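Sharing a structure, written as structure tokens. Questions coming.
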């Protein structure tokens, strides 16, 4: 069983963290992963940095640019993760734009992920339709989950379609926006979370984009199976460093 | 071989819609409706009427006598520089604003490089009384100052894109982010035949008026509906797509696409996508793309802001790979020289983008009885500072 | 009452050729030949062909929907801003360069205020491969920098006139002096309906294509060949003459001429010739003229370089005195505001000269079923700096 | 008999001087006239300054502008000349552009000239045709001569026409140019002077424009009845002042 599914079995509400590999420092990937696991985080999304991250807000853009400037590459990341499963047992998801993956070679990329022990991929600019038609087969071959996004604007029929062919979880974008921390969720958000919860989808949902603190995390997970924190974590990391990670996680739950 | 888009949004291997889910509703709404709307009688009538009454179409197909004499061949200029706002770009923005209205949108965003598309977008928004936000790379804001001023006069908000190379690519990223953030009431008017399907096809259709007119005008002037060569510069490729459109399947017509070599193809400062690019994904479309081995998009360079883009539209990638079109790249210096030559031989100051196309005359030999149509895609008013600096005309 | 020139070169009391003997051979040669040449089939064919193929005529007669709605009347814009080089001026320079060629001249001089006439002259000289010298007031060289750059790109020599107010009047003096010094091979392309006979009539004839097209277009759009009002700004008066031409004798057409009030008619900084001028002689023609009691020509003032002239053409002086036309003067501030209004309501950034004309909408009341034709004489690209400064758009 | 005709009777070769009234100083008109007469000058053209002297080169333009700035007006000049004939007996010609004369009132202007004792007018922008048709009558009424220009480009027939209705003299512009001193006359000039001389016109000709020194004066008067010096005199005046005028005249002949 995929570690993602196992985790959902074990936990009522997941806390997942996103960071851009290679930022703040090129060699921070491992220390960050260890610190996150040790702090009780349930799952991690490792960002493969991209020059033109068009679904991301300023914080992740900046961390991405910085990581590239530090020398991060696909090859380098795989090197860093080579023996990751010696230490890390929580599910790991790679999050990256499609072009670098294409250039690496999609099959080669999937193969590598499997060999390392990556559990799944989130590719924001690979829509489910194209995935389904052209790439699913390869992903399946290497036992990689591919997770897809839904937003407040995603039509109901499409949500059901996504649900029907998803594995792992559905990445529920909290509001129509690029990534970026928000301080509060309002009634619109709650209504949307409720609406999706009421759809009783078969794939669990995790809320992402805009969770920044305990209150937004709580609100997000009231109706879903978990929350992903990205920008807020990256900002914290930049300010307080890897050693302070447990502090951040404790502030969330 | 088929050169038009297929049902799935591909030109051969290229195209598609590689977009974040957040854009799905908007792009899908457009995909489902663009043909039906743009083929409707009421749309066609309104589109055609604005092209005629407002843009000033048809633009002349001008026989360049002095140039023809010098190069001993028959040279025609399709005068898109005479369009309202000074370039072909407005053909597309007129089409898209009508599309946006029919889709019930009340806010427009756009990216711009040279500023021509930004001005053309701001213009149609003013015409329709619709809010308008233009993204422009902060470097381009500097080097195309007159167009920035025009956008502001027209009431548009100009937002600087400060990431990456601070040029067109980055402005496009910012526009896409805006669209993600404003998914309901906003239409994104893309300015070239790039972006996710159906944009490349939609924009090419709106621009195809260029070749439709060219056919009619050639019939009158040369007694046949097609030239021997069509030549256009390619940034994203919209003016080229417009000129090629009705000739794509006519194999008697030789298609020449001119890219910006910048400081030279091997200089590391170039925008010659076909020479330097590999298959990849940019702004939602699979196409040829300048990138590192690792798949990071390269910062392109050209002296002309409108060609300073690391990709080309998927139609052009297909024309290149299928060898239907001949791709030539022209360095800054030669383009600039042609800007001056065209000014002083024909009294037409071209946009620097446009000037690239003409440099083909020094690269390729044409025969005396051949008919060549150049797309005179835009006028050079926006580039005066660059010309003046370059030629020390002050 | 007759509104066209008479055999002696007069419009009523105004006109004639008050020129130094040194200019006699040139002016006389022109006088004797201009009608015969311009009415010859070969000239008409070449003129018409260049207007169509090169200038981009006919220019649209655009129905301004939003403006019409706001002012509850029918407003049409004759889109001279879409002409190659951006204003009506090129109609005249095309005509005159063909005239100059037929007169065997191989050097061209011209004066320019806003630079539009200078650019239009440099353009036709480049087109024909003829040497070109443009005189421009040194103040105008500063405030119309883009046009100076364009003239240089086109290969013209721009010479600064540094006397007097350093504007159009002084540039004209310098051009006349050049002509005196180069009497044999040089043709002087005057840029408006001013100067000694036959210039006012010749220029008006070349510009009359504006009203000829308007007639045909109105017939199609409004089912009658004439509007209720024609409105144009008047510097020297060429765009106005062009628009009025075929309506002069049709008394159902109300003619409105708009002058630049500058900082206000009584401010001492104005260019409202009809209000402030008296009969006098300027640049070879008897006309209305701003001058001291002593007959010294006054330095005019307008924010728009193209209206910054102390006289008007003799045709306009006659239209004023005979009351055939209604003269209105508009201060800088209102003209500037209208530049912005037209930009933001119709997506057309007008020249500041042009913007003056539209301000009539705030001064006069029109009826809902009246048809008004504004001459949109030029585009505002040359004026961007002035607009930006004025509206603090930066 | 008009003083101009008398002078031509008396002199083989005339020397005539032009200056702009009111320049260098507003009140210089009288002193200059006296100095010129005392130096043996045969005739003087008094320039009525104009804001837009389009037939004049830089020197006369500048003196004109300066005169206006000094406060010179038509009225003022007439005041200065009011009793001129008490002292000055050589012919005096007013030279001015047409507009200031029109504004003064043409008849009134002529009347005033007559009463002062002005002998004639040169109005460069009043062509002979218009003069003939509209204004000659008034000029004649007040016994004012009006002198006209010919240039190297003036057609022969027109020269004959001008000759036929001229009185006083024909102002023979030395070359196609605005006013302004030249250092030498060449073969072209000489040919032109000869050509006109050979026409045996009934009105005497004086050469103007471009005479600056003894040699150009000599060349000009070899084939004509006199020479007019303008720009060169004005330049001298500006540099050396009214007191030095005799020096200048001596340098010419």
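Every chain is named by a letter (A, B, C and D) in the order it is written, and numbering of its residues begins at 1.
The rule is simple: a contact is a pair of C-beta atoms (placed from the backbone, for glycine too) under 8 Å apart; a residue touches a chain by one contact, two chains touch by 3 or more.
What you see is a predicted model, and the numbers here were worked out from it, not measured in a lab.
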{"item": "Averaged-CA centre spacing for the pair subunit B and subunit A, given as whole angstrom", "value": "37"}
{"item": "Euclidean distance of C-alpha centroids - subunit B vs subunit D, Å", "value": "66"}
{"item": "Rounded Å distance, subunit A centre to subunit C centre (Cα mean)", "value": "66"}
{"item": "Subunit B residues counted as touching two or more neighbouring chains", "value": "none"}
{"item": "For subunit A, residues that touch 2 or more chains besides their own", "value": "none"}
{"item": "Chain-level touch network, classified as line, ring, star, complete or other", "value": "line"}
{"item": "Chains touching one another, given as label pairs in label order", "value": "A-B, B-C, C-D"}
{"item": "Subunit B contact footprint on subunit C (complex, rising order)", "value": "52-54, 56, 59-63, 66, 79, 81-82, 84, 86, 122-127, 129, 146, 149-150, 152-155, 339-340, 343-349, 380-381, 384-385, 387-388, 391, 393"}
{"item": "Subunit C to subunit D touching residues, read off their complex", "value": "16-22, 24-25, 163-164, 169-170, 173, 176-177, 180-184, 278-284, 289, 291, 293-297"}
{"item": "In the complex with subunit C, residue positions of subunit D that touch it", "value": "50-57, 61, 65, 68, 73-75, 97-104, 124-128, 130, 148-151, 153-155, 158, 173, 176-178"}
